[in-house]
Each structure stands twice: as C-alpha cells, then as structure tokens.
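The block underneath contains the structure these notes are about, expressed in structure tokens.
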C-alpha cells in the first residue's frame, strides 16, 4: 500500500488531512511531522484522535521523509515549505503542497502578489494547479501539485461556466467572499480571540488579498482572455466554510434556467460539484464534506447574474481537495475517503 | 414630561425601544402594548428588565393609547400596523412607525415591492422618511415618521456621499449586505433555530428584497437621478449587526484620501456617523450603539471604490434611530439617551 | 445484505443515523420514513445529503416497513413511537428504538417519571437497555433495544466504575450536566431561537428530568444497591455535546492514580471509552464521534472525587450508539461505521 | 467633580470600566493608563469608543496619577498591581483594586492559594472586601477596596442566605460554575482561539481554583463557622456571564416557598439582587447589567436545595461592582451609572 505522510500535521489543514487519511482505506498514513510538537503523539495535541491516530510527530527531515513515504502532503507554514519541497522533489517524492508557492504559472505574478522572490522557480514548470475540475488530466501525470486555496476554489468553480460560455461581461465581476475563522489557521492573534470574533464580522485585505491573483490566473485560462476582478474577503463568526457571492453583468439577458443548464452541463461529470436547480447553497450544506455547492439568481431588472457558491474551507478548500488530488495522482477512485455527506449539525 | 408609548413592545425592536427609553431621562415611558402577552408585565416576558421596566402590557386600543400617550412608537407586525396607525394619526398622536408602510414617497413603488395595495395612501403625503442625516428638517415638523429599516440605513449612508458628489458611475453599484439574526425578529422559524443558524451563513431574497426599493428611492434623491442597484442580503451567525460591503466604479480614479475627505465633509455635523481615516469598521464596533461606522478602500487596478459600513440593526437600524427621530421631533437634544458607546464585548 | 430503515428520518437523531448509515458499508439503508415530509427526498430536507442519500421519504406503514426492512431504527416523536413499535415487533422486525419507552425494567418507574401509563408493558420484558458497556451480551440476543438517552449514557459511564468498586458513598452523588442545543431536537421553540440561545446558558427541569430515573436504574444495577442522586441538565450555546461534571464523596481517600487505574480496568475492553491519564475531556474532543471520554480529579481537602465525561449527544448519545447496538445485534464488527475521530473543528 | 482614573484601561475589565464611567454623570473620567498602548487613544484600541472616550493612554506613573486623580480603579495584570498600589495608597488616593491581592483577611490564606508571599501585607488590615451586600458600611469608610472576582460574587450571594439562616449542612456544599470567555481576559492563548472555544466546553482548575478561598472566607463569615466546599469552574462558548449551580443538603426539608422567602428577606434592601419567585435565571437576563439574579429548586426526594445564580462577569463580577463600590465610597447614589437593564440581545 502507498505510504503517505503529512508535513505540518498539527495545523488546521494538517489535522484535517489526518482526519481524512486515517479513514481513507486506500493508503497507509505512516508519517506525521511537526516542528513545535516533535516527539509528542498526534493525539496528545488533538485528543479527538486518541485511538484513531496515535502516530508520534517527527522532525521534517527530508531524507527520513523520503525513506518512509511515497507521497507527502506539505501543510507547512510559509517559509518552511519553501526550503523543504525542492529537496523532497529531488528525492523523487510525490508532493501535494498546500501553500501558495506552486500554484502559479507565471513567476512574476507570484512575486508581485507575494512581494518576494520565488525560491524555486524552476519547479513552477513542473507543478500543476490542483483543481481537478479544470486540470484533472495534468494532475494524474505530475509529481508536484499546488493545491488551491479555499477562497479560490470556491470562486473559480462558481464563475468558470459563465466565462467559459462567454455569457458575462469580463469587466465588473465582483466576488464578495466570506470565510469561517479556521481559514486563518491555528496561530494566535487578537483577531481570532473568541471574544473579538464571536458576534462580529469584518472585511480584510480589501483589494489586496493574494488569492485574487490565483482566481484571475485560472479564470483567464477558462475565459481565454485576461480577467481582472474585485475580490473582498470577510471573516464571519463560524469555524468552517467559505461562502462566495459573485456578481456579473450578462451580455444578453438570460433566464435562470438557461444558466443553470449551462452549469449542469459544465459540471456533468464532476463527482463533487452540486448545482442547485432551486434554492441556494448555505455554508453548512457542505460542512465537513468535499462538495462544492452552487446556485444562482438572475436579476432581470439589471441584467445581472448573482452566483452563490459554498465549500468547506478545510475540506474542498484544503485537505479534501488534497486527498482528491492524491486519488487522481495514484490512480485510486477519485472519491475514495472523501465521499461522505459531512456534518450538517 | 412628554408621555410615550411602545405598541408591539415584546418584539425585538419593541424591547430595544424599552431598553433605550427606560434610560432616556427626557420622556416618560408610560404605555406598552402587546396582543400576545396582554396583562403580563414586560419583565415577565423579558426578565432582564425586572426592576427596570415592570409596566403591564396592555391591548393596543387606539382611544386608550391616545389618552395615555403624546407620542407612540409602532413596532407592530405587518398588518396590525396598517389598521391602527390611521386611527392614531386621526386622534392627533405623534407616530414613529417602524414598519415599511410610511417610508415611501410613491405609492406605486410600495405596491410593486410589497405586492399589495397600500391601506392609507393619503398618509404618505404627510409621512417623512426618518433618516435624520438626509431629512432632519422635515422630521422636526412632521407627526408621522416612517422609520427606516436596518439594511437601508446602513446602505444609504454608506453610498450617499459618493452619489451626491457624482464621483461614481450610477450603473454597477452593488451592495452585499450581511445581517445578524435578530433582524428577522422573535418569530419562530426553522431558519432561526439555533442549530440551523449557528456555524452557518446564507444569502436570501436575492434580487427581490423589499429594502432595495427604499435604498433606490433615497439614493435617487441624493443623486438627483434614478438609481437602480443590486442588493443582496445575507444571514450570518450573530445576534446583532448589519455590515454592508458596497462596490462602485469611479468615474475618474481618486485617491482613498480624497474620498475620505469627501465623506468627512458630507457628515461633518452628524453626531452618529463616524468616518474611518484608517482601517475599516467591524460590526462589533457599533454593537449596542446608535453609530454608523464607515470606511473605504480604493482598488486602483480597477478604478473601483469599496465602501464598508456597519450599524447595529436594532439601534441605528431600528430603535435607536426611532429615539433619534423622537428627540428631533420633540425638540430634545438629538443624542439624548442614545449617546453611549454600546458594548464591544 | 441486511436491509435497514430509519423511521423519523428527518429529526436530528434520524438525520444523524442517515449520515452514519450511508457510510456504514455493512448494511443497506433502504427505507426512510417521515410523516411531515412524505414524498420528498431526504436530500430536499437536508441538502447536505444530495448525492449521498437521495432516498424518498415514505409514510411509516408497518406492513411496508416489514416488507422492506430487516431492522429498523425508530427515531419518532413520542406518541408515534408507542403505536408503531408493537406492530413492527409483531411483524418480526429487529428494532432499535431511540425513545424512552423501552429503556425501563420496571413499568412503575416509567409511569412515575413519564406521568402516563405504558402502552405496551409486555414488551418491557423483551427489551434490552442498549448500553453495550453494561449489557453487551443481552443486546446480541434481543430483537428490541431501548437505546439510551444522551445524558444517561454520559452519566452512567462516568460513574459506573466508582459504584462498581464501592469506593464512593451512595448518598451525595451529584451530576451537573450540560448539553448542546441539538439535544432538544429540530422542533421550534422560543428557547431554541438563535437569538435567545446564543450567548446564553440556563438550567432546566431541575430535580425533575426523566433521565434521572434511567441513570438511577442503571447505576443501581451496577452498585447492586438502590441509588438516588441529583441530576441537573443545562443548555449551553453549542450544537452538539454532552458534558457531565459529577461529584461523589470517597469512602476512603484515594489518589487520583488509583481511581484512574480502576477506570482503565473497568473499561479495558471497550472500544469507545477513552480514560484520560492526564488532563480532562472537552466536549469537542468527541464531537462527531462515538467516543466517551472520561477524566477525573480528587479533591484531597474534601475527600471528594470529581469526574468529567463527554460524549456527542447525537452520536454516542443517540445515532452512533444505535449503530453500535445494530452491529452487535447483527454480529458485525462492533466498531464498523463508527470508528472515525469525529470533527474537532 | 471627583476625578477618577482607570489603570490598565485596555484589558476587558478596564474597557468595561471606561464604558460605564463615560456614561456615569457623577464623576469625571480623566486618566487612563496602559503600558502596552501608551500614547495611543483609548478609541484607537477600542474603536467602539470613538467619540465617546478618546482619552490618550498614559504610562502608570504614581506621581502623575496622584496629581490627576482622586480615585483610581486598578485593573492591572497581576504583578504590576502589586508594585503600584502601595505607592498610590501612600500618596493618599482612594483605590478600588480588581486583582485578588486585597481581598483577603488572612495573609496565610492568600499565600497558600496564590503560592507566593504577599507583597504588602500591612495593607490587608486597611483593605475591605468590596461586596456591598455583605460589607456596605465598611466600604463607605475605607480607602482601599479589594473588588471581588466574578465567580465569587455569584457564588457567595447565591449561598449566603442559606448559611446565614443555618438551614443547610455545612458539608457537601458544591458549586458548579460556568463562565463566559471574557473572564479569561484579552490575553492570547490557544484555549481562547475562536476555533478552539466555539462549540466547545470544558472544566478547568478543578479543585484548585483560587476563587475557592475567597468564597470560603466570605461564607465562613456569614455562617460564623469555617466552611469548605467544592468549586468547579467551566468555560462555555459565550462572551459574558457567570452561571453558578449550587447544591446543598437541607438540615430539615423545607418547601421552595420558605426558602425563597428567606432569600427575599435577606436581600430586601439590595438594589441589585433579584430573587426569582418563579422560574430560574438565565445568563442573558443579566448580560450588560449589574444585577445578580437568583432562583432555586428543592429536590424533596433528596432533601436537597439547588440554587442557581447569574451575573455578568464584567459588570457585577468586575467593573459594575467597582462602580457600585465607588458610589458608596464617594457618597453618591449607590445605583448611579449602573441601573440599566443590560442587553438581553
């Protein structure tokens, strides 16, 4: 059985990977690493995992990793990721990286939005953007996947059918996105203190969030035309979930039914995209699951379409999508280990 | 001392009026009505008010109301409001109505969005839209105020300076608004069940919410030109708060500082509008207070301005604004009883 | 493959059964019933289940149920349960009932606490109290299981080792229990309105909650002596979870380590009980899982032991335990379909 | 007008003092100090206070404090408090200290529970325990008040009438207390990260919490007999609130009505204690207010009384009580500035 490891297992994305992989059935989870908690058991840090995953957390030594694993997920803090991935790649490992580093086709775009030089630009040519709905065939063939972020997955999949079909204006696209707090990770900060978060909401990084560039890259590919758009992230007082409300002007007025048919057709073979014929997604329809739920309305007064999409930021927006990519890359059934309905409650 | 009453005192807006009026100091709160709880004490229904307001809830009999009160707030369920207000008006009372019925200048607009005939169109000519920042002088002279809704107050005040100064395109204005759950009132519904609400968010009434027409009416007056726009309400898991993110295209690119100066000038004499020179409002900056907090960003890449505004839906979005209107109408200091900072925690 | 059905599938316990059974692998979920939603799909009511469980909800007709199923879970409202279970039993079905009706050994105790006559007392002799940790062998042999309630499972398992070992006084046992809101079910009520629930907590049914009698019945069996105790339920603002803090006087002062050893021994073969050597359980250590987590402290000043136990009310406190009982009754591996770690986040 | 200052104004207790004092009307809030934020405005740290309190935060220099203030509230981190208070006292200031340092009659008890020597034991003879319901006359005459903690206020007032009347056994008293998260202050910690806190509850410092000693000190005085008891604090996912469930054995069985009469008599002149004739307090009945709400049940089966009491930890449990003490000490009306109903919503 394929041996997999999780580097950076004690962050939120890492722990979600452990949750999913410990029930996967098709791979052997055999190595977890953590700098902060080396030597302790995963279940000491996350008591919820006692008896389910009691692996001891190890130092992320590339040689040891390469010895123990065939494939690794890297869910490391920015910076740590940068150093280790080229070495792991050189050692022949398959890598699914959850950072932003290998999501770009164009080094310059990365450097503009991240405000720093890319540390291993030569790998950008090898790496594949791990969004199966758009890049399934390339994913199957690569050894290095840049696993998309949560905001981007939700936004790209929400708008792709409209841009692909050329039914909306390319100007005046607006993505108003809302995220649960786990998207900010497990690190401490006053913004994530319970008393400052609960019963509160806010916008942040308005017009400057890095994910904008990822969304534009992928939607430009879909549209076969350079797309720029507004992306505004918000923090809302819930643990999980990304909810995106997207606005675009219809080139010609269409009925809601026509547009829904267009979405259903675009996603007809996708196991994780659910298009709503009626009603709209809510964030807890996808909590804990790998689904992307999409619905839409047409404002006939304004000839504008409003699309709503929802994902779980830790699953389809991180760990679940990473497992989906792993399944594709290893030739396992695409839905293995990630087919559950999640937890509405 | 002026005697005031609250009709429909046990709903959320009603109880918030009682909270504020019991500490006001300038008026005598002397009558509360409730159909459902007639005969019980306000503090039986809201034990938080024991020892602070123990008035007995009475039936809303117009004659009795007119005998006991000089001014009434009507926070009645739609329908109940319709019947009683014309009678109270005829009896000479001053009325601040929290329903949508007297917020319109044009009966046809009301009837189109409410999908029903207006029951007392003759009063529309008398009534004043109770947004002090735009209609202060008329408010002082009227006897019937249509107190604005929560979404509308937050949206109108967020966009008025831009439209007044003619710096944004009138097309492509988008308001993405988020509300706490108390906006839906105290009535029961599966959507407001704790387990369905918490850890969840959703959009609703997309492109069809009635408040759209109120916003368009008032912004058209400000712009001196008919404005249509997208308004999308969302429910987020918190009790209080309206948070609006608004998008508009700048006719000519402006610096953030110029636009902020424009807001500061527009609101320079307003006691309840706080313009942020730096940073952006968060919903708990205004929780429990009558303030409207406004901030903005300019996306220079797209020549677009993103405005963020926040109010407490029960205070500036309902009861607090009603008290502000009462203060104006009675010639009391405008900030009396509503000058506190609210409760950040 | 064994065919199973869920009667009352759209309540919270029912929907949790569907969540677990749709991933079980060892049985075929082939019938769901609902009086309120007959004719609709399960996934219309719970969109989270689209593509995972799209079964159409049927009327709970005993004959049809008996035709389609070998085993049924009854998660019906009180009253509905009463009528249908004797008929299903007569038709030869295996039944796991989630109501309180078949949890009692003594009809009189039931009638005293439920304040009504038992409708099928003859079945009480057949039925088994479905707590595997105490009644595993009987569960394997019966056709009718009274599946324990959430408070009771958490309380009984928390105190059983101490009473079995006769190390605590039988007087002065106090259980202070706290529950998430889903324990109250999906029905509407002002107490469960988001705005009344969030940021609030309360005690209810103090000294009168029916579960007291279940706890006393089972602990008396363990202690081989009649036990009476204080049980106080509280509602706390979270969706899931039962957290019990239990107090008892030690007959002779013991060290914490001795008592923990006693618990470890008592539960040494139990797949779902996790005893904490250090630290104490928190409610989200068990969210979404079938585990019971138990820890304790000794107050040497007072010669008193304080035991803390936590379960997920919908899993080990309802649906998960029901699946565990099904596994035992059908001869499947006891942990099948319920071995996951749950969702800490 | 009396000039007051708040030392440590940017913590949660400090900011709550600013909220209350800025609306008090009878004193002049003229100095705020903060080590971390010196030089910034209070309203930069708490934007909710913009336009309400824009005082600049100063360094806590004793000489300057003594020059600018007649009375100070010290809401300093442990340690900081220790050094500055003796100096302020020597400079003639009136001091209301929110730390634990001046709450003890017996230095040895302090040193046992705090595990450190007391830094100014000579002041213990001067200081008064600032619980007006038990020590009103002494409070009026002192210059140094040890303002009680939140758990202790709620617990002591909940049990005092029973011990004073000698109707309960002195053994087997159990206090199971639940706190909102703001009780832990504004400091960062994984335990207070939103994602770790929400949808979670836990017990902590079981059998070792320092407040136990405060409760025992005061209840021993009331009982005129040394009282020891169990005190268990819990963290629940809400911002504000202390909710205590207390258990005691009745020496002779009493009816609920008799015990309620006893409470009503004990607290008959207290402006902030509300005894429930029917029903029980909930934590949001007192949110934002200075009230203590108390209710009780008698379990006749067990001859045990269960008392429930609730306060707002930041108001009656900290800042509100401090203002009440200030009012007493300055000869102002006891309820000035703290008579509002709080915010149920």
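All chains are identified by letter, namely A, B, C and D, in their written order; residue positions are counted from 1 within each chain.
Criterion: contacts are C-beta pairs under 8 Å (C-beta built on N, C-alpha and C of every residue); 3 or more make two chains touch, one makes a residue touch a chain.
These numbers were taken from a predicted model, which means no experiment stands behind them.
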| item | value |
| --- | --- |
| Comparison of C-D and B-D by number of C-beta pairs in contact, larger one | C-D |
| Label of the chain whose CA centroid is most distant from the centroid of chain C | B |
| Rounded Å distance between chain B and chain C, as computed from the means of their C-alpha atoms | 46 |
| Length of the line joining the C-alpha centres of chain B and chain D, rounded to whole Å | 36 |
| Chain C and chain D: spacing of chain centres that average the CA atoms, whole Å | 39 |
| Multi-chain contact sites of chain C, meaning residues that touch two or more partners | 12, 182, 195, 198-199, 237-240, 281-282, 284, 287, 345 |
| Interfacial residue positions of chain D with respect to chain B in the complex | 12, 15-16, 19, 22-23, 46-53, 182, 198-199, 239-240, 271, 274, 276, 279, 281-282, 284-289, 291, 293, 314, 339-345 |
| Contacting residues of chain C [partner chain B, same complex] | 12, 181-182, 186, 188-190, 192-195, 197-199, 237-239 |
| Chain B partner contacts - residues on chain A that touch it in the complex | 172, 174, 176, 178, 180, 195-196, 198-204, 206-207, 228-230, 232, 234, 236-241, 243, 245, 247, 249, 280-284, 287, 297-299, 301-302, 304, 306, 308, 345 |
